[in-house]
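In structure tokens below, several structures.
Two complexes follow with chain A in common, the first pairing it with chain B and the second with chain C.
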Partner chain A sequence: MGSDTGDDAYSDIHLRALNCEVNPLTRSDGSAMLTQGETAVIASVYGPVEVKTQNLQIENATLDVCYRPKTGLPTITDRSRENVIKRICETAILTALHPRTSIVVVIQELENRSGLEACAVNAVCLALLNGGIAMKFTVAGVHSILKENDEIVLDPDSKESINALAHFTFVFDSLQRNVVAVNTQGKFNMAQYNDALTICRAASGKIFEFYREIISKRPV
Partner chain B sequence: MAEQYKLIHPSKYYRDYLNVNIRPDGREFDKLRPNAINVGSITTADGSAIVKVGNTNVVCGIRAELAKPKASTPDQGFLVPTIELTPLCSPKYRTGSSNEDAELYSAALNDILINADCLDLKKLCIYKEKLVWCLYCDISCLDHDGCVIDASLIAVIAALRNLKLPKVSYDAEIEKISVDTSIRESIEVKSSPVSTTLMVFDDNVIITDPTAEEESLSSCILTIAVCNGEVCYILKPGGTPFNSEQMDLCIKRALAREKSVLKLLNNVLK
Partner chain C sequence: MKETPLSNCEKAFVVQAIKERLRLDGRKLEEFRPLKINFGAEWGSAHVTLGETRVLAQVSCELGQPKATRPNEGLLYINVELSPMAALHFEAGRNSELTVQINRILERTFKDSRCVDLESLCVSAEDKVWILRVDLNVLNHEGNIIDCASVAALCALAHFKHPDVTVTGEEIKIHTSAEKDPIPIVLHHYPVCVSYATFQNGEVAIADPTVIEERSSEANMVFGINSYRELCCLNLGGTTLTSSNLLLQCSSRAANRAKQVVDQIKAALATDAEARSADQSVGFTECLKMNTINSLAQDRLSLRLRRFNFTLDDDFRNMSSNSAGAPDIKAEGDDSLPDATRIDENTGLLNSNQSNVRWVPEDSSDSDEDEHIFEKGDESGGADSDDKDLEEELENVAEEMAYKRQSQPISKGGSQQPVKRNIDNSSDSEEETTMVLG
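Here is the complex of A and B:
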């Protein structure tokens, strides 16, 4: 790593502790349980598998993403999360390699202590890597919040994010560290947005480094 | 011949136009389509608006119902926006099955209204812990020609500003609700957010206010909502990775749109 010049300027980047259990599920093609601080998500990937005829695409694999909340039925927020993750996967995966098939991604939320979307994206990416699905690039989700006096707090826990004025969740690609997806909440101006973006972009390097560490340790 | 070419190679056809810096409908990349707003045309609803953005046509009706508040927020009412995309508006949609787009749009609309702090939900409270207003904003899309979120947001704001609620009094001792429909009052809409949808073609050309045809060829669609010169919502669900300059350009275009839409809204609701 270290290709990005922004890394040195933010040597004091502090993300919550990342922990990953590789392939906790025996029946799926690839799975990962990821915890970022106290937020925990488990993601599993099957694929390429047979596709339902109505979803069949002649030139690409179809992505089937299912997000399960901790309790109860999926709400409209969960459905929208599911949709965003689906589109992120469509961008990252080389779907043209497996036309007329389907790649199934299932995400189970275990604990939400802030930064759930970012954690889910990272867990899905690790599961895809474990499942050996060919990708254009890996993706890293980073969450940050805006507090009073223009202060940006990177990857806060649930206690820190209580008085947040705005939330930012960015997803970066591993090639140019460009923004694949953004989701924001709350009001902010362009300068505040750009501050958050710079800090999150620098922090994404740590997550990509973590991926590398996990994959290199993986038993073959 | 041009028509056959368009059918067989839609992307190439589109690219030919973009190479000479114009879109097939004659607009430049950052030009918006004309908007039209009509308020209060549905007399059976408590507040309503019909909005056109180019060919896109949405109707919003607000149905006010009395409800019991949640125990966690005993002094707050509800604002529930729902977008309906039926086969009427586009051949993309089928009856019966659940609709991903409609869910994504409804969730986005709800987020924008909350982020922009449009309504003080406490003002919808009639009697603490007992009775509040629940405003169902039902949005029906009649014609889907791109940018449904933008049109829906204008429609919801116009309908909310058009909304008149009857006077309700609640007697806690005998739990009696009395509604006086002869006195109707409007509610305070604190802010009017405006959203802009943009798309990316061939990973490099950024186009504002795309039509449905353009949306189907896009490699990325994003929606940005602004309110009083501040950004209150950005949704970019995947698609082409953006560098900082591209994102800045999109935000600037979104900020530039706010004034014209607000002027139109204020004119209509005078």
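Here is the complex of A and C:
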């Protein structure tokens, strides 16, 4: 397989069913509820809004990302997810347009059936689009796993991912399909990593296509 | 970020409307917003919407030590979270006054009424019991969180199943759902909260208040009541009630409401169980409207005035000339357009001046043309327009606009179509919809 999104690679890509509702919430400036298979996430965006004095930045908007788990208090994993999404947003959003303000992003996990981080990134991106926050590019998160028989499975459901050797979550930008963020877990070698990267990069096209399809719809 | 203060005129408006037995969203005083219940794929996860207020509930359990005073009873914790997702002024992870209040009311409704059979949660006395935890995440705050949260908590508890265990001597083995079927929780009765807001020195109570109604009311009454009409909890916040009559009236209405809600919960649970036994897919995918963008559609508007009959007699004209801005424009647009039917492209309304105005599905065929004229009209000089007819009309528009600025209310002179279209379109869709009478 080539390093870029070849048409042959593109045809046999199967992601779980993507479904979303844009602007389900009335209080926030932009929101999106996204389900990928059985994994479901709801994200909302406010901004630009008033910033706390201690977080004020003179040249940029401050990003305030909050990830809410379904049960209990946020754990270390949740804080790390929060941080990853914050960095991704910082890369994608044109924060210089709104100095001395803050952009608030809140993510609520609804159901975790594998691929939660990727789903959260995609939901945030849709919420940002809906909220009219200016961005350099849109982002798409894709999850894949490495199985015991050295096979890469793209966007597996929870059953498939039980015996995974490694998890990969890649986030790509919409311009050059460059990698914006990578999150890996488990043991793998470089060749396996590159395989996963190629497959996920090809799959990201489907997600960008989905964004376009949703946003071009007429509001109801 | 602080909560936006409620202005005096907003408050006065709501109070005055209630005095006239009107509510901003067009409901009757004792009418509730529609309730929708969805269950997630996991046991004990529920998503409840009451109007636009949304709450997500999830029950979880773990084995732990019981309290020394009650060694053979399990434990139940309720935890309400108001994250910035619900409204911007809530802070994540910090307990506000409202959080504590909601938490306490729910604890009294569910814990103190002993609706959950805690004894059945005991694994071995004085050593291991199941500790249940109900997490309630408020996703959208459009008033009456407490009712929505109580329904969500009850749904989640009724839906939840904890894993089975085997005790052999000292050892406790927790079975997975594949080994042994998980066990549902025993509920003795089904309590829900029903809240009212009172106005006019405690004389009028309105059911299921929205945010603005909650904030402009004198007091809030919350009844925790079960389907057998038994009161589990009563909370009065704000000024003291003076009439016991109102309280009794409300409690009896709340009991009827509780019965309805519990029936709805039971029906939702039955549907979910059916879907699961038939191996259909369950989960939150069901609760989203598939691949849509929501906007200011009819059922989302916060303002709807239902009681007025939209007849274009003098009364209406007088009424509209007293108020400023958008109402004027609307009235003018309507009555100077003889027996025509206009389609407002922003809101998808069909306004006809022949009879009562009704909401109909959007017909987009006219909208492009309307917009075109609007754009040209907006330049108000229209010098670069090639179309001569249009140019003439645009001059009329400019005159009309100038005249309108000088004198309000506007003349209803039989002017041309583009004038009205221009005026109609120039009013903001949101304002416009506030005036539409359904």
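The working rule: the second predicted complex is superposed on the first by the 210 of 220 C-alpha atoms of A that agree within 3 Å, B and C clash if a C-alpha of one lies under 4 Å from a C-alpha of the other, contacts with A are read in each partner's own complex, and residues count from 1 in each chain.
FYI, a residue touches a chain if its C-beta (ideal position, glycine included) is under 8 Å from a C-beta of that chain, and two chains touch if they have at least 3 such contacts.
No experiment lies behind these values; they were computed from the predicted model shown.
Student: One more residue to check, A:E38. First (chain B), second (chain C), both or neither?
Tutor: A:E38: touches chain C, not chain B.
Student: Looking at the overlay, does A:Q108 come into contact with chain B only (first), chain C only (second), both, or neither?
Tutor: second
Student: If you tally the residues of chain A touched by each partner, is the higher count for chain B or for chain C?
Tutor: It is C that touches the greater number of chain A residues.
Student: Does chain B (first) or chain C (second) touch A:V22, or do both, or does neither?
Tutor: In the superposition, A:V22 touches chain C alone.
Student: Per the contact definition in the header, classify A:N163: touching chain B only (first), chain C only (second), both, or neither.
Tutor: So A:N163 meets neither chain B nor chain C here.
Student: For A:T53, using the defined touch cut-off, is the partner it touches chain B, chain C, both, or neither? Pick first, second, both or neither.
Tutor: It touches nothing on chain B or chain C.
Student: Pick one for A:N194: touches chain B only (first), chain C only (second), both, or neither.
Tutor: In the superposition, A:N194 contacts chain B only.
Student: Quick check for you: in the superposed arrangement, does A:T77 touch first (chain B), second (chain C), both or neither?
Tutor: first
Student: Write out the stretch or stretches of chain B touching chain A in their complex.
Tutor: 100, 103-104, 106-108, 110-111, 114-117, 222, 227, 229-244, 247-248, 251
Student: Sort out for me which residues of chain A touch chain C in the complex.
Tutor: Residues 17, 19-28, 33, 35, 38, 40, 42, 44, 46, 49-50, 52, 66, 68, 70-74, 104, 106, 108, 110-111, 113, 130, 213-215, 217-220.
Student: Spell out the residues on chain C that touch chain A in their complex, using ranges where they run on.
Tutor: Going by the criterion above, the answer is residues 1, 40-42, 45, 47, 52, 54, 56, 58, 60, 81, 83-88, 92-93, 133, 135, 137, 139-142, 281, 283-285, 288-295, 297, 300, 302.
Student: For the complex, give me every residue of chain A touching chain B.
Tutor: 76-77, 79-80, 83-84, 86-91, 171-173, 175-176, 178-190, 193-194, 197
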